[in-house]
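Some structures to go through are shown next.
In the two complexes below, chain A is the common chain; its partner is chain B in one and chain C in the other.
Let's turn to the complex of A and B:
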């Protein structure tokens, strides 16, 4: 009897919490809501050290935190979420840590695709991977390609995962693609130099709007070569909690700060668009 | 909730410890976040009050100067004291200013004075619209006899400017030095690639690396030092299109509005970040 009543109580509390969350998000939506939020998931290793966990366990906890934050973002109506999962510079870490991260990536991608009650199925999520997938391990690369293929036709919100990514590498690859296309156009008789718009069409993020908010946890103030081109008019935030400690309260606070800065950023965006036209 | 809102506003600037304990209590209540947003005014001022306190040691604040070009002569002659403030490792510093606030040339000149007095060797000034090039740039140009090429008012917005004062250098850039600079470098790389391949049928696919792009940026005049620290003066923490290639590992700190800038805050940030 005791077990049944405990189950009932937790079910009721879960429903009350969901209702409260829905009310809270409704209140927030009276102000301008971001369409695209980017996260730099900083602090997993420091969290593991703080809680005296095994090496690599911090990333596991970080993944659980990511799933929770994604759920809140999509319930809030955020259409695009981009996460900086692994930088090209991170390949310089210890080989066992890099291998552990590749294995974790494969395991979590398979879990998201195969299990029924995940955010992919609940929200009709489309997953996209940005970066140099050819630098990943074979298993991680195949898992990423499988995830992109399996969710390509989904019409829900979009999760962009940056792996083996740096912004300068993205710019160099965009220049390479633009030059190839320019060569084909010149062969067909067209003339002209490469413009900013030509480069932007060849970015990994070409189909996404620029991020409205870029959050780096752990209080760090650097962008570490992440979305440097796309973040010209993005509200940069650096809350103090480590990534595994980032919660709903921190997300709501981030959105409130964005809503305060929104009139200024929107005015600058309109002025820039006017100048470009 | 209504009572909390009424209590929060009047005590805003009078009792800081009462503010802190009230905020700690309210933070436990999720609905607080909606009310608190109404009492935030100057973001950077509150950051200081809530924990990022400037150093309590006595800091010799540089004298305020009169608003004329005469101050620039004093500024040029000032001897930086980076060792006195422990800032030897801070080689270059960038300042991003909102274009509307950049029109306040008095404040910009005062800021340059302060930065030179603490011994920053390389200062990069940036604003989106190129207002600084047209105001401060013209003053510095007349002082150093460096010509910004080309010289017309419209083109002054697009020319990048580098001025040397003894051991110190000041660079003034705008949005045209960012994305457009990279597009110019891309066109340069493309034309070099087409020049290299002699026959159409043997033209290889372009394969550019990051170092090729960096060299192209240098060749087209869009390269420069990567600042260690970037101070943002404006209503929001946003780099406003600062050249992406120079922002990779730069610490970005929001200093609030230009009108409320103060020397202690700049010194504190420089000492924390070094």
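Let's turn to the complex of A and C:
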């Protein structure tokens, strides 16, 4: 078969696959759909070891998997996706691994912004970075700030990337801001104590609803200091596949499990909101 | 009116001290001989009031102690890898009762028995702290069935504290107990006061608790310190916040190593949000009243087999 006919077959198969996906997502959308999904991208290194790849290659494969999953999420109509890319605790790893991750981050951000047919341009994505950007390497920090500035006016779905982030650090920063503001308000004569809603306004995630689903791959069942406040009523899932192995099938199964638990979750969320007000 | 607690002043619970950083080895714990005359501390003034399973807990102290001293850690558990602090969300009492065609109160009674068993097992196996989620603040907005919906359940919870204090258990209560009745609040305060010197195991009972409110309360306390000039906002650290959290009542290990949630629900439900940063979560489909020794061993075995990395690499 010639090169041209192979290309044609590939194009047709690609189209058929996209049509099948659209039908599948339409079926799923008859049930309640999550507005916000959070991912802990666990298992890149174990995947590299399993496939006998060289050191650091697991994170590259993990990034490709992330782009695919983001594409499926946004096609499904999920408005917010948050990913735990790098924790403050991860700075304790070997320096070469940390440097490799910083370099990868810069490279992939540049790729997403500069290349033509990426999810940023296809979906009008807005990218936000949560965490202590001041702890990142200079080049990674500048790349993150460039991405936020370039996509600030986009009105499509939102990608929140947690880098140099821990939830306890986020809460501590929010408390610092709240206490500073309270002191200024009291100096101006205002009275009253800090409420739950006041504290929430000072979080990195202030403009984002709480996640509906939190997925941690590779079967580990812990939050590792990720979105502790925000995941009070989140449906927690821990599928067995490592992050590079997390596919469309796993995502659909995750959403089906969420849809099954949804009525109970929704009732609890309304009660929590009522109690806090 | 609930009976108030009268502890005999000669009752003295002392145990061997051991480093809080080491897990107790099997057989290293000794209980003191208790004064048998003091064993029945439920006043006879209210004999007619029925408390679930109270009679079972009035077994002679000596026999119970001998049984416990002989209790071994069941295989495959190893004492060096047991969690020091276990948290439990005791979910599923009502569904358990509904499945059996019983009223909810029967579910809570069965739940109380399960809790008592769990505290006993935790004591035997050397777990140093147990936090139980008795009643969330969100539960107050549940539709009430008749009057005094919460009252029997909370009385059961209070009786857990009443009965178990003499086992050397130190009871702490976290959450907002202002929504309890006056008599229950008074009883809770008495239990905490009377058991504060016990050292066998720390039992934290979370009543009307909300993790977000706890963090906000810590923020308010810190704001007060800032107002008084004791602290600058830019100097606030995570340690300052941890000191203000209610779980600081056990300063050695305020954060649970393992959190168990029964009845198949996969969420934290606003429980110990800050403290669960690195906690291993264990979810089981069993309803709380059915959570027995076998299920507890399964949870602890699962904890044992996990590789806790705290963000780092283990080669």
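Quick notes on this structure:
Throughout what follows, the second predicted complex is superposed on the first by the 275 of 277 C-alpha atoms of A that agree within 3 Å, B and C clash if a C-alpha of one lies under 4 Å from a C-alpha of the other, contacts with A are read in each partner's own complex, and residues count from 1 in each chain.
The rule is simple: contacts are C-beta pairs under 8 Å (C-beta built on N, C-alpha and C of every residue); 3 or more make two chains touch, one makes a residue touch a chain.
Every value quoted in this text rests on a predicted model; they were computed, and no experiment measured them.
The superposed arrangement places chain B and chain C in clashing positions on chain A. Shared-chain residue A:54: touches no atom of chain B or chain C. Applying the stated contact rule after C-alpha superposition, one finds that A:224 touches each of chain B and chain C.
Legend: residue contacts after superposition of the two complexes on their common chain; A:171 is shown touching both chain B and chain C.
Touch criterion not met for A:4: it reaches neither chain B nor chain C. Within the superposed three-chain model, A:191 lies out of touch with both chain B and chain C [touch as defined at top]. Once chain A of one complex is fitted onto chain A of the other, the partner contacts of A:93 are limited to chain C, with no touch recorded for chain B. Common to the chain B-facing and chain C-facing surfaces of chain A are residues 166-169, 171-172, 175-176, 178-180, 182-183, 193-196, 199, 221-225, 228-229, 231-237, 261, 264-265, 268, 272. On chain C, the positions that touch chain A within their shared complex are 137-138, 140-142, 210-213, 215-216, 218-220, 222-223, 226-227, 233-234, 236-238, 241, 265-270, 273-274, 276-283, 306, 308, 310-313.
Residues 45, 87-90, 92-94, 97, 166-169, 171-172, 175-180, 182-183, 186, 193-196, 199, 220-225, 228-229, 231-237, 261, 264-265, 268, 271-272, 274-276 of chain A touch chain C in their complex.
The touching residues of chain A, counted against chain B in their complex, run 20, 24, 27-28, 166-169, 171-172, 175-176, 178-180, 182-183, 193-196, 198-199, 221-225, 228-229, 231-237, 248-249, 252-253, 256-257, 259-261, 264-265, 268, 272. Residues 27, 30-31, 33-34, 36-37, 40, 43, 98, 128, 175, 178-180, 182-187, 189-190, 193-194, 203, 205-210, 212-213, 234-241, 244-245, 247-254, 273 of chain B touch chain A in their complex.
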